Structure formats: structure tokens, C-alpha cells
Amino acid sequence: MTAPTGTTAPGASFAPIEYADASPEVRAIYDDIMASRKTDWINNFWKYLAHDPQNLRRIWSDLKEVMGPGVLDPLTKELIYMAVSITTGCRYCIASHGASAWAKGMSAAQYGELLAIVGLANQTNRLAVALDVPVDERFRT
Amino acid sequence: MTAPTGTTAPGASFAPIEYADASPEVRAIYDDIMASRKTDWINNFWKYLAHDPQNLRRIWSDLKEVMGPGVLDPLTKELIYMAVSITTGCRYCIASHGASAWAKGMSAAQYGELLAIVGLANQTNRLAVALDVPVDERFRT
Amino acid sequence: MTAPTGTTAPGASFAPIEYADASPEVRAIYDDIMASRKTDWINNFWKYLAHDPQNLRRIWSDLKEVMGPGVLDPLTKELIYMAVSITTGCRYCIASHGASAWAKGMSAAQYGELLAIVGLANQTNRLAVALDVPVDERFRT
Amino acid sequence: MTAPTGTTAPGASFAPIEYADASPEVRAIYDDIMASRKTDWINNFWKYLAHDPQNLRRIWSDLKEVMGPGVLDPLTKELIYMAVSITTGCRYCIASHGASAWAKGMSAAQYGELLAIVGLANQTNRLAVALDVPVDERFRT
Amino acid sequence: MTAPTGTTAPGASFAPIEYADASPEVRAIYDDIMASRKTDWINNFWKYLAHDPQNLRRIWSDLKEVMGPGVLDPLTKELIYMAVSITTGCRYCIASHGASAWAKGMSAAQYGELLAIVGLANQTNRLAVALDVPVDERFRT
Amino acid sequence: MTAPTGTTAPGASFAPIEYADASPEVRAIYDDIMASRKTDWINNFWKYLAHDPQNLRRIWSDLKEVMGPGVLDPLTKELIYMAVSITTGCRYCIASHGASAWAKGMSAAQYGELLAIVGLANQTNRLAVALDVPVDERFRT
């Protein structure tokens, strides 16, 4: 989305905010992203989100915490992220989290199984809803 | 959903089809489900789907293949299934696949991380779509 | 949803508006619904929507036009309505449009095929999105 | 979507219907759109919808009524429209209602807050559904 | 999505798998698709899905069964498929199933009615959910 | 969802965590929620989320920031939250954010307009996607 010409809204231009043009506040967040990910570049999602530095800060903080080391291994976390992104249909997210998954060691066979499960789950979800299936007693214990 | 009284549609009653009342065709599928899952009971999803034996056969065949042994371990497969079910909002599926996940060894900590990722992914998906973020060149190679 | 006690919002109570308690404006719409559908009762959807008579009027007008006689036969129209309601997960809509479909002659076999298609479409939709399949040239002519 | 070559369906070409090529019925609706919006052009949504003049008429009538003067101010109405469009992922709608919002005075700060709320709501919605949180008693009064 | 350069994942390239480059297993499935559909070409969906031959086999088998001859006529089946694809927002699916529908005899008037129903259903679904409308007693019989 | 009996997962019971039973860490968050909202009770969403104190902390922190004072007034923020919750179909969220909106001064007329916009937007979103409407040039400036 772009702000129409002649808008008086500051910072409404929606070109990505490159590191070179970023405020010190935004640069600090970019630095943390690159340090955490051990990369030397910032992807478009952050560069577009950066138009609102509070959103950038909060979302990066959340992602760093949620996708950081935990009990689930890094690849499993990406597979879960991809499952959601495919289900909601976010093209950018499918591409970026797909790239992450490959980088974290996903194999073609794992990718095929992920697709199979996501597709099938979207199917059985609708069948269960259509049939208004009551939750089994033993699932409630 | 229930068929109104006085309908001439055969088999339109939507009570679950119990093993004792099932046709030989449906019983054979029930037997295969119990054998594959090493259980002695059939959950409601199958008992409601069984009103259309072709659907029951095809969906069970798909699920057996997709959720069977593969390169992803069984718990990871359930986590992916849960991620989709939470995103689409299927209450039955969340309950039944949640139960499966616990049975396959999911810990409370893993469950907490699953929730965290699914919630966050649903958030960042919408942000990326709202901002119409273009896919980075390096994701296209 | 209910309005909290002590609210000063007029008409905020969310009990359904029964014919006997309805304003002349709402009764006129209820009369038209019953006349069009050749029934002697009003279902809950209209009785809850009636809290905002403008919404009731506009939505009934739209539905009467869209679900009225056309080139698609009445049952086909209900099947399409059910396909959407199952996909979005609206429990009330699945029940009410399911009842309509049975009343318009849907058979159990047709219902089974509807479920099969809706389930499968929800699956293949996600696969196509996941794989970012480009639209074939010949589909663009 | 385009109709394949050689189709016998009249009006199946899916090029937008420009004012100059429109029927008197469609032109009348275009005129009303421009008069209501105080503009001298028609956007693509209407020009594609116009292939079915009944749909064009009904949808414009609904939009004119719903987005016209009311108790919610015009910008708030656009923010709500954007919230839905982002959640469903309609790229065209995000662009066109975003443009409307800017035109109605949305500031960059307001846009940032809108994004923040829409993102967070999509997150907490899934968490509440995943946990099957029962509605609190006091919300039912 | 594309696998990054230097990946060690076999078959991770995401160019479509053309007939000429396909394995005997995949060619056999392509042959069956063309024979069933009485065509001499394979659309992109299958050529991208073919990276995982198991998925290709299973999905084609499901689609052939579900969209094959049944009690619903072929065009009605496509209309249902389109209703789902529009609701989930799968651009590829809308294009390919739209093309199928035209080929199976859909008229412009039928297409207009399909759009009208899908749009309206998506609206009333949300209204029923917002108002938490309870299912009428008579729909439960 | 409930953990099956005999699970070894600590804290897997899914009864809500009441203040009296909460750990000091969770109580501190409950205290902050009540102080910020000027209430003396905790709603079910937080009591179920509290099973994972990290999730509780992070989500409350996000919500406090996003729904706190800003450039959008508090009621407008709730209307946006409701628009998303209705669109995704989260019954709990519709109830709790509806209650918040009433408490923040929403009138029945405002509620009626909110419903009207959310319903209509869900409709036009699907029409724009179905017709694959290209974004107008002037929206890209």
C-alpha cells in the first residue's frame, strides 16, 4: 500500500527503510536482528515494518523470544511457522520461512511431508466442522 | 447438522455410526483404524464421517499414509496438524490432535512453544500481507 | 454477546426479538420473510439481526434477491452456500443452510459429495498457495 | 479469471468495463458512485463487478448505505474495513481502502496502531481458540 | 518457494516438472490425468506438486474420485470448488477451476450468481458468528 | 483441550489458574493486569494462558502496549479488535472484546454499524479476489 501523493502524513512513504536511511533507533534493531541471525542483511519484512519503530521493536522482540532456543528444535519451529503461513495464505511468509527452513536443514522429503500434512489437516478440519462432531468424552479428561 | 424429520434421504440420520451398527464395509475400515492406532475404540470423527463410506475410506487412507511413518517424527507431525487446526479454528480437531500429541510425548513446555509460534505466525502473516511486502530477491534463487 | 448490565445503550439486550415484541418496521420484514419462504416462523438469525432494523432490512433484501429464482436451481444455490459456511466454520449457518438443502431435496449421496469436494478443495487450495503455482498461460486467454 | 476463447457465454470477457463501453444501466450506477464519492473516475473493483449489473447495483447500494454518514466517523469506518481486509488477505481491498483511509485523514501513527491491533488480535484470537477458553459468566449478563 | 542455491536437498529445485523430464512414476500419473480429462497437457499445479510423487499420486487419486461422475453434475461440482477457492483466496485455484467451469458450460449469468452467493454467504456467516446465534431447535431434529 | 490422565507433563492440567493458586511470577502479572484495567478480577483468557508464564508475560506486555493510550481512542481500538475477532470467528474474543467495547461507551447504533461494515467487507473482499481485480495505478503512487 502506498500513501497518496501530497499526504501530510510524515513517514507515509512506503518504500522499504534501508539501513543507510534508518534512524538510530531502527538501526539498533537492525543490528540486533543481524547479530541474532548471524547475517549481514535485513529482509523486506523488517524494512517495511520499520515505518513504525514501535511495531518493529515489539515484533522483533517477540520473534526473537519465540523462535529462539527452546525445547522444540529450530527446524520444527520453522515447520510450524510454515504450516500457519500456508494455511493463512501469506505469500511473503511462505517464501521467507521456507528459505529459513531450507537453511536449517529441511530436506525435500520433509518438505513433501509438511505439505501433505498441511493439506490434509485443512481438509479434515472442514469435515469435522461440517459434521459438527462432538468432542469425545475421553478427550476431556 | 441433522436431517429434518420426514426426509426421504436414506442414512440421513446424523447419529454417529457405532461399530455394532456398521455395515461390513464400514467395520472393515474401523478395524483397520484400530489396528493401525493400536486402540480398541473409534473416535467420533470417523463415526460421523461413516455416513458416507466412500468418504470414510478415502480420508482414512489419506490420513494413514500421511500421518504414518516418514521422515518427520510422529510428534512433529501432530504439532503441524495442531498448528493448522488452531489456525482454522476447528475445535474438535484441536481436541483430538491435542490428545494425540500428549499421547506421543508432547510436554507442557513444547505445547507452550507451539502456542507461541502459532499465535505469532498468525500475527506476522497479517502484517506482511497488510504491508504487501515484496519477496526478497534472494528468496527466489 | 450480551451488553453488560447497567448499559445505557438502547436496545442493547441481546435476546432474540420475537414477532410479538417487534416494531411495525421489523414485523413488516418478518412478514416478508415468511411470505417468501412460505413458512410461519422466523429463525434465530433474523431475530438476532433485528436489533438493528437497517441491517435486517438490507440483509434480507440481499438474500431474497440472491437466493431467489435465477439460472442456478435452488438446491445448487444452497450447496454453494453450505460450501462457504463450512469453509468459514459458521456453525449456525451450516445448520440452517443444511436444513434448507434437505428441504430442497438434497439426498444423502449429494451431501456426501458436497463434503468430499469442500474438504478436497480446502486441501488443494493450500497446496497451490504453498507451491506458489503460477497461473497457466492458457487460463489467461 | 478469463473466459476461454470460443466461449459462447455473452459478456464473458473479463476486461474491465469502461464508462465509454458501459450500458445505460451501468453508466447510471457509475454516475452515482462518482457523485457520492465526489470523484471523476471509477476504480477497477466496480469495473470488473460490472459484468453482472445486478451484482454491481446491489453491492454499490449496500456500500453506499453502510459506508455513508452514520454514528461512526468516516475514518473509523475505513479502519474497520481495513482490519477485515488485512485479516482475509485481500490485496486489492487493502490497497483501495488504505487509499481511502489516507484520503480521509489517517496519519502514519494511526496506521501503525491499526497494524499493531490487527496483528495482535489475529494472534490472541488463535490462542483463545487453541485453549478453548470458556466465556466468562460476567460477559453473559 | 525456491530452495536456496547450494542446498543439498535432492530435487529441491522448484521449477515445474515437465513431462519430458519426469520419472516413469510421474509420467504414469500425468498420462492418467490426461486420459481422464481428455486433454494433451498438464497444468502447473500437477507439475509443481510432482516434486513429491507420493503427494502427486494421492492428490490426483482423490481428485479423480471426488470430481468424477457422481450424483452431482460436473458443473455443480466445479461451482462448489470455486466457492471454496474464492473463500480461501487461492488465486491459482480460482483461475484453474474457473476455466474448468467455463469448459463445462457455465454461463456468464451462472457465474454472476455464483459470485453473488459466495459474497453474501461470507457476509452472513460473519454476522451469525458475531451475534452468536443459537441453532434453532427445529434444525436439530 | 485437556491432557490425558496419567500424563507425565508437569502443569498439563488445563483448569484455569486462579490467583490463589498462582506462582509469584504469575501473580505479579495478574496484579499488573488488574492495575492497568482498574479491575479486581482476571478473565479466563489470562487464567488459561497462564499455564505458560512466558506466554502470559509476553502477550500481556504486547496487549498493554498496543491497547494502551495512543492516537486512536480506546473505543476505536476495541472496534478494530472486534472486527478481526468476528472475521476469524473467535467466540471468546467476540464476547470479551464486545464487553470491553460496551464498557468503553459503544452504543447499540455503533455496534450495528460495526456489524454492517464487517459483514460487507467480508463480502467485497471475496468479490475482489474472485475477479482478480488489479490494483489501480493511482493506488500505487
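Letters are used for the chains, namely A, B, C, D, E and F, taken in the order the chains are written, and counting of residues starts over at 1 for each.
What we mean here is this: a contact is a pair of C-beta atoms (placed from the backbone, for glycine too) under 8 Å apart; a residue touches a chain by one contact, two chains touch by 3 or more.
Bear in mind that the values here come from a model prediction, so they are computed numbers and not experimental data.
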Common touching chains of subunit D and subunit A: B, C, E, F
Label of the chain whose CA centroid is most distant from the centroid of subunit A: C
Furthest chain, CA centroid comparison against subunit F: E
Pair from C-E, D-F or A-D with over half of its contact pairs in common with D-E: A-D
Subunit B and subunit D: spacing of chain centres that average the CA atoms, whole Å: 33
Chain centre separation (subunit C, subunit D; CA means) in Å: 20
Residues of subunit C touching at least two other chains: 1, 4, 54-55, 58-59, 62, 66, 87-91, 94-95, 98-99, 107, 109, 115-116, 118-120, 122-127, 129-132, 138-140
Category of the chain touch graph - line, ring, star, complete, other: complete
Subunit E to subunit C touching residues, read off their complex: 1, 14, 41, 43-45, 48-49, 55, 59, 62-63, 66-67, 70-72, 76-77, 79-81, 83-85, 87-88, 90-93, 95-96, 98-99, 107, 109-110, 113-114, 116-118, 120-136, 138-140
Residues of subunit F that touch subunit E when the two form their complex: 82, 86-87, 89, 91, 94-95, 115, 118-120, 122-127, 129-132
Interface residues, subunit E side, partner subunit D - complex: 89, 94-95, 98-99, 102-103, 106-109, 111-112, 115-116, 119
Residue ranges of subunit B touching subunit E (in the complex, touch as defined): 1-2, 4-5, 54, 58, 62, 65-66, 138-141
Subunit C-touching residues of subunit B, taken from the complex the two chains share: 1, 3-4, 7, 9-12, 51-52, 54-55, 58-59, 88-90
